[in-house]
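For clarity, chains are labelled A, B, C, D and E in written order, and residue numbers in each chain start from 1.
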Amino acid sequence: MLKRLRESKSAQGTLLITPTLIFMIGLLIIPLLLTLVVSFGQRSADGGVIYTFSLDNYIRLLGYSTDCPNGVSSCFNPLYLQILWRSMALGFNTTVLVILMAYPLAYFIARVKPKWRNTFLFLVLVPMWTNFVIRVYAWMMILRQQGVINSLLGWIAGLFHMPFTPLNMLYTPGAVLVGMVYEFLPFMILPIYTSLEKIENSLYEAAADLGANPFRTFLRITLPLSMPGVVAGTILVFVPVMGTFIVSDLLGGAQVILVGNLIQRQFLDARDPTFGSAASLVLMVLTLIVTYFYTRKFGFGAEIVA
Amino acid sequence: MSEFAVELQDVVKKFITPEGDELAAVNHVSMQIKNGEFFSMLGSSGCGKTTSLRMIAGFEWPSEGEVFIEGKPMGHTPPFQRKVNTVFQNYALFQHMTVYQNVAFGLEMEGAQKAEIEKRVKRALDMVQLTGMERRFPKQLSGGQQQRVALARALVKTPDVLLLDEPLGALDLKLRKEMQLELKSLQQQLGITFIYVTHDQEEALTMSDRIAVMSKGKMMQMGTPVEIYERPHNRFVADFIGESNFLEGKIKSLSKNEAKVFVPDLHVELTGMPIADDLVKGEDVVVSIRPEKIRVAEQSANQNCFEGKVVNTVYIGSDTHVVVDVKGARLKVWEQNRISRLDPKSFYSVGESVHLVLMPENTLVLKKD
Amino acid sequence: MSEFAVELQDVVKKFITPEGDELAAVNHVSMQIKNGEFFSMLGSSGCGKTTSLRMIAGFEWPSEGEVFIEGKPMGHTPPFQRKVNTVFQNYALFQHMTVYQNVAFGLEMEGAQKAEIEKRVKRALDMVQLTGMERRFPKQLSGGQQQRVALARALVKTPDVLLLDEPLGALDLKLRKEMQLELKSLQQQLGITFIYVTHDQEEALTMSDRIAVMSKGKMMQMGTPVEIYERPHNRFVADFIGESNFLEGKIKSLSKNEAKVFVPDLHVELTGMPIADDLVKGEDVVVSIRPEKIRVAEQSANQNCFEGKVVNTVYIGSDTHVVVDVKGARLKVWEQNRISRLDPKSFYSVGESVHLVLMPENTLVLKKD
Amino acid sequence: MNPYRRSPWIIASTILVFIFLYAPIVVLMTFAFNASRVNVLFTGIIPSFGDYQIVNGNVTQSPCGPFHWFCELSKNTAVLNAAKNTMIVAITATVVSTIIGTMAALALQRYNFRLRTFSQISLYIPIVIPEIVMGIIILVLFSQLFTSINNVLNLTGDARLNLGLGTVILSHISFMIPFVTLVVQARLQGLDKSYEEAAMDLGANEWTTFRRVTFPMILPGVLSGALLAFTLSIDDFIITFFTNGPGSTTLPIYVYGLLRRVITPELNALSTIWILIVLIAVFMIQRMENRQV
Amino acid sequence: GGGSSSQQPATKSSASGKVTKDGFNCPEPNPRIPVTSTQLNLFVWTQYIPEDFYECFQLVYGIKVNYDEYSSNEEMDAKLQAGATSYDLVQPTDYTVTLMIHQGLLQPLDHSKLPVLSNFNPAYMNLAFDPGNKYTIPFQNGTDAIVVNTAKVTDLPTSWADLWKPEYKGRMVFADDSRAVIGLTLLTLGYDVNTTDQSQLDQAKQKLAQLIPSIKKFDSDSPSADLIAGDVDLGETWTGEAFLAQAQLGTIKFIYPKEGVILWQDNWAMPKSAPHTDAAYAWLNYTMQGDMFWMMLTSFPYTNPNDAALNYAKGSTMQVTDVNGSSTTLGDVYNAYIDSPITNPPADVIKSGHRIDDVGDATPLYDQIWTEVKGQ
């Protein structure tokens, strides 16, 4: 037996992957198939599922609805597409900002003495080890009308005897962005760091040798070579941002609905698991396709922390 | 324009080693490299070759002394403002760019016109026989091809001076030999100054106009291949460049071009050619004789002739390396295999006794150090 | 115990290349390696040396054929159950272990006693002259030292067979020469079978008892260094091992040990020594002459003698490589620099006319392929 | 080394980003000493020691003085219990998922087998799946499973299989595995196979090879994978909410619920202690590493 | 936890002599109910139960209480519907009760095992969502009304409709609760809060759409925080938050709008799958005894339906800590409760109030409206 195992590499591989597959298939894929079934069903009066095969939920997602004002038989209202669009916009903005902030830091860490790198990486992670809500609350305390920033500004203004009206920062899109960026920064820093850390010095030297000043060296060499890291980070940031909503609810005053809210509400307030399932499946498939495409192209496994 | 393409004046480069103590990687080195010259730096690993090169390129700045390019002192001029280019030991090709883009990079940095760039890149790639590979990425090329790309990338800038750091180190013997010829002919047709770092002495000898032999950050000797090989200034050079038999001795008498040296190992006096000028009578010296320059004679000749026993023969194809025991001293003797025999060892069978002739003009008398 | 330490019987190893097509890295190769023999595999990059070695070590399993160790078929026996050990090209030292731990590792795996381990590790380290380095980590050693550790780590297991994959590839010439001698003497005193992969032919010639020359996964020739060099079976071997002048021609007449070949380039007939047995009259052949075996005569001799002009001379220290033009054909001629002159080039000045003598016994007639 | 590495821009922006990262932490720690119970605004540090006194919502005096909330925390069994659960879940799940994930990484990186691509893709699911969906489907799965098992074995009362820390841990493991795997894979890609071969060549079987050679060499990757997983686990709310059961409340759930009432400074105290512990640990490790080299 | 209240040992005859960490001397249960189970699993609103309830119950009955907490009815319902089977008691709010009954998640209560029922004020019994209290008994209740910071707002709103005034733009906080907000919008239009009439709902949608932009924050967690911090000045909120805010900020006022408030009530209910019904009954009876349930007054400023508790507290001299954590006598707490129009709203407010009820098939309509107005 052992001998046979020994002589078959594929058997060994299979053996090693099995536990993972058990988890993935058992806890995710099978249930996901259930959701697929549910998404074709219809909602019952008390929020149960009537199992049929109807594409209504998907049609509804596209914005075609059968119950319309003033008795029109069917009408088009791209509500959900708008929401999806809004979430993507938020995801996009967040990702861009995160990249802008993460990059220099990652670059810095990649260039300090090796023995210090781990420490810095830790320092990046540590804030994330406080409780999420407490963190967001800290931000609220910073952004409030009578919060840290306004107090500081007020004090400074006081020094110069200037009139000062507190800035209105909390419960604005800006606040949401700040919170999102804060929550996801580390997930961008780590991959970018790894890809930067791989670049040999001789490449920078070669560029300089060929007449590139530091700025152009960055544009033409550093940036392109660290792209895989950026892409990996983008996946680790953009995808979750699409799904989350708690930050936007807490810091944005829950003024808008994002894909996350939408799905959440379907399972809870609206008690329409069928539509919820449809929505989440669509979201997943979209992101899954994008992710897989990216990862195949840039090898993203290779680029998260190392 | 100055007669020297590159000049190092009494340059020192100090590093702090990981252990924290100071190390002079380059220690008061001076050299003048003439325009259009093929200049090689030779030395064992860690002797400061790369560091010297990096100071010329501008990646490092001298701790003391000054580097001149075209007669201008370089000070802290950054690399991208020096008219020298480098071919890196590990090629340092940009993995994310095609061959074409790699070669074009330098020209774009100069802000050359698109058409212009295309023309010059094409020419450069022709020169290194890589036409048709423009679209490939470095990792799709063999070692030799990558090496050529690195070369083209540097050449396309038509630098006054080209620095090459062990460019052939990574290639296998056969390929290395080919590339040596290519490089040499390129250098001759372009008339660019080459500063070439290697630790392969045969390479240096075949290609260079002049060679600088370094050791532990110091310059040991600088000169043409022939000078270096035939007239080494000291034992290190004689030993590092090619092989030598060394016999310790004491100067008995001394004239301008002949020294009589008593060699205790052989209980005889040898006549040889004094190298250093400041040798004095009675001084302890070493006598150096190249193994290929020892004549094997059937019957004894009169002067500088010894009888010995063959103790070992190594067949290396073109030559046979014979080790002869002369009164306990081991002498290496290289004989060319000029006749094809299936057992050239029988040429000299172990134990056979032979006579060795050390001709005075082949016998160098060096300072003992 | 079988007379052969290792035997490959008609072994094939197929790989799926990244492009997805099948590639026979080793293609129907058979070889018998005798006990205590120093056996080298020689061949250009990618010819299947490493793969063959890996099949002996058990990292790869043959697609066809069988590997025998000590006469036992190995089948899918895992590496750790084979009594062979490997010295890896990149040394593959365990970075997280000290020199001592690295060497001790193999013995611990055998479950040897602590004291026993200590004793044997010590002996192994002495053998490779690394005593005192026990506590160091690999990255604190120079290339040559790391190489020795890798060697000690394999030797300490006292394997029947030691596989070495280009162990000296990464070292510089000087160091490589030293290590060659050390390895050779180690092998002789321990009487272990060495299977040695290299692409440096001089290395192979100096060290080996027998050499296998491979090309594109196929075995080209197997034999002693002398056989390989002096009696190459085909043009590839003649060209890959050492250098050769090749002249194309047609067999005019043929006897057991002499062939008359008409060489159009030189408009003459050459007498040479037929190599392959199945040569036939009128067949197209190549005549191969080693550059060191061409005699330069002052005045013309009668047979196989040609007049030519010196077109180029390259000084390489111990020898001078002369290129002579004979009726448009370029012939390489190596002359040993037996006399020390400051300008040995004058030895043969470019343009000077010389007579070349190609002696029949040095002139090999090979199949044209 | 290239002369341009120390660009002032980089350093400046690095400092800024670190300020951004730690500003909330500083605030959070300050509020751990807040006099105000309601903890919405900072009404100053608790001034003096003495018997517990509170004047309209502001603690004016406490046996522990400024450290009032730390003392309160030590009494607050609910929080401590939640914290304990969080740690149990995070640590167990991290350990298990690290082991399984590493195995998977080895398989994907070192072996070829039929399900390879499938496995690789399935590893992305937990990353892209919306948390609530994952939470609910896992809950449905467990309850179906448990009900059937309970019926088959006709277990009753407390003998019945039920939601609890166990289910939480399982679900956490399932979303942590991919992160570990991907990170370790990255590391393995960088690791030359010849080390493992050398070990085998010297007589080590597969397991010994892993234990003595492979593992020590990929350790950094494994660690950072574990860290990432840990980070995700201690903060997870939604999945935990759906998969936990009586008595298995974790900190995020507890704190999240507290949103509905007052988030007393006790929680800031908790975070403060936790952060200090971690920071100290980090620098200890750093010191040790430096001593080694 | 937040609810733990520290007392001197009670000098009551029924004292069991069993004392909690906080030094509260647990009363004897009367009547004591025979129990075989050794555990009790609660699924309750976060921080809605005084620590001493758990401790005392364990002390006097020797039953270990495990509890899980939720912060919205929907979460709780979703979890039970998905098959969480281990809970003995849950705390659904009125409309959720109807729903859970439909979903068949609840089991009828055996009133014979609930002598404690007599403690309750009839005004809070037998409500529309559960006629005859077949499935539930009251726990706490309260109202959704208008909250204002009189220091910042000069002309005070008197009706839901007033909240549409432009001057309040960007200063308001509302519960993030589709039913409540749509409900109050319907009220301004004079419709029923539980209407399922498409056109009425459409009108409500139009009107709500105008309100949304002027709302600064939707918050079902702790709007009081923003009121106290001055980030918002007025809005719609519920009893407890209003009371907390007022306790911190005297200038906070709770205004009952003309159209009528929205009433709500949290109740105890027993899931069908409850594994320890006997323990559950014991818990209900014991914790809602007057000499236990008064604790709600000190830490949970809602309207208390339990007369026995109120009577127990009335005039009591027991030392307790109030909502702000400052210590007073239970009697004073009672007085504060009775005097505060927030915790003790006038009878007509209750009478004119409206209750949110489950709307079954129309639920998605409400959600749709919410999604649309917020998603606009």
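Worth pointing out:
Everything that follows uses one rule, which is that a contact is a pair of C-beta atoms (placed from the backbone, for glycine too) under 8 Å apart; a residue touches a chain by one contact, two chains touch by 3 or more.
From a predicted model like this one, the values you see are computed outputs, not experimental measurements.
The minimal number of chain-to-chain contact steps leading from subunit B to subunit E is 2. Of all chains, the one whose CA centroid is most distant from that of subunit C is E.
Interface comparison, A-B versus D-E: the pair with the greater number of contacting C-beta pairs is D-E.
One inter-chain figure worth recording: subunit A and subunit C are separated by 58 Å, centre to centre, where each centre is the mean of the chain's CA atoms. With centres set at the average Cα position, the gap from subunit A to subunit D is 18 Å. Subunit B and subunit D have Cα centroids lying 59 Å from one another. Mean C-alpha positions place subunit B and subunit C at a centre distance of 25 Å.
Within subunit D, contacts with two or more other chains are made by residues 2, 40-41, 136, 140, 256, 258-259, 263.
Those residues of subunit C in touch with two or more other chains are numbered 78. Among the residues of subunit A, those touching two or more other chains are numbered 6, 144, 146, 205, 208, 267.
Against subunit C, in their complex, subunit B makes its touches with residues 44-45, 142-143, 172-174, 199-202, 205-206, 225-227, 229-231, 240-243, 273, 290-293, 295, 314-319, 321, 334, 336-345, 359, 361-362, 364.
Residues of subunit D touching subunit E in their complex: 37-38, 40-41, 54-57, 59, 75-79, 136, 139-140, 142-144, 146-147, 156-158, 160, 162-163, 241-242, 244-249, 253-254, 256-264. Within the complex, the subunit D residues that touch subunit C are 192, 194-195, 197-205, 208, 212-213, 216-217. Residues 6, 9-14, 16-17, 19-21, 23-32, 34-35, 101-102, 104-105, 107-108, 111, 115-116, 118-119, 121-135, 137-139, 141-142, 144, 146, 148, 182, 185-186, 190, 194, 201, 204-205, 208, 214, 217, 235-236, 239-240, 243-244, 246, 259-260, 263-264, 267, 273, 276-277, 280, 283-284, 287-288, 291-292, 295, 300-306 of subunit A are the ones that touch subunit D when the two sit in their complex. Residues 200, 202-203, 205-213, 216, 220-221, 224-225, 227 of subunit A touch subunit B in their complex.
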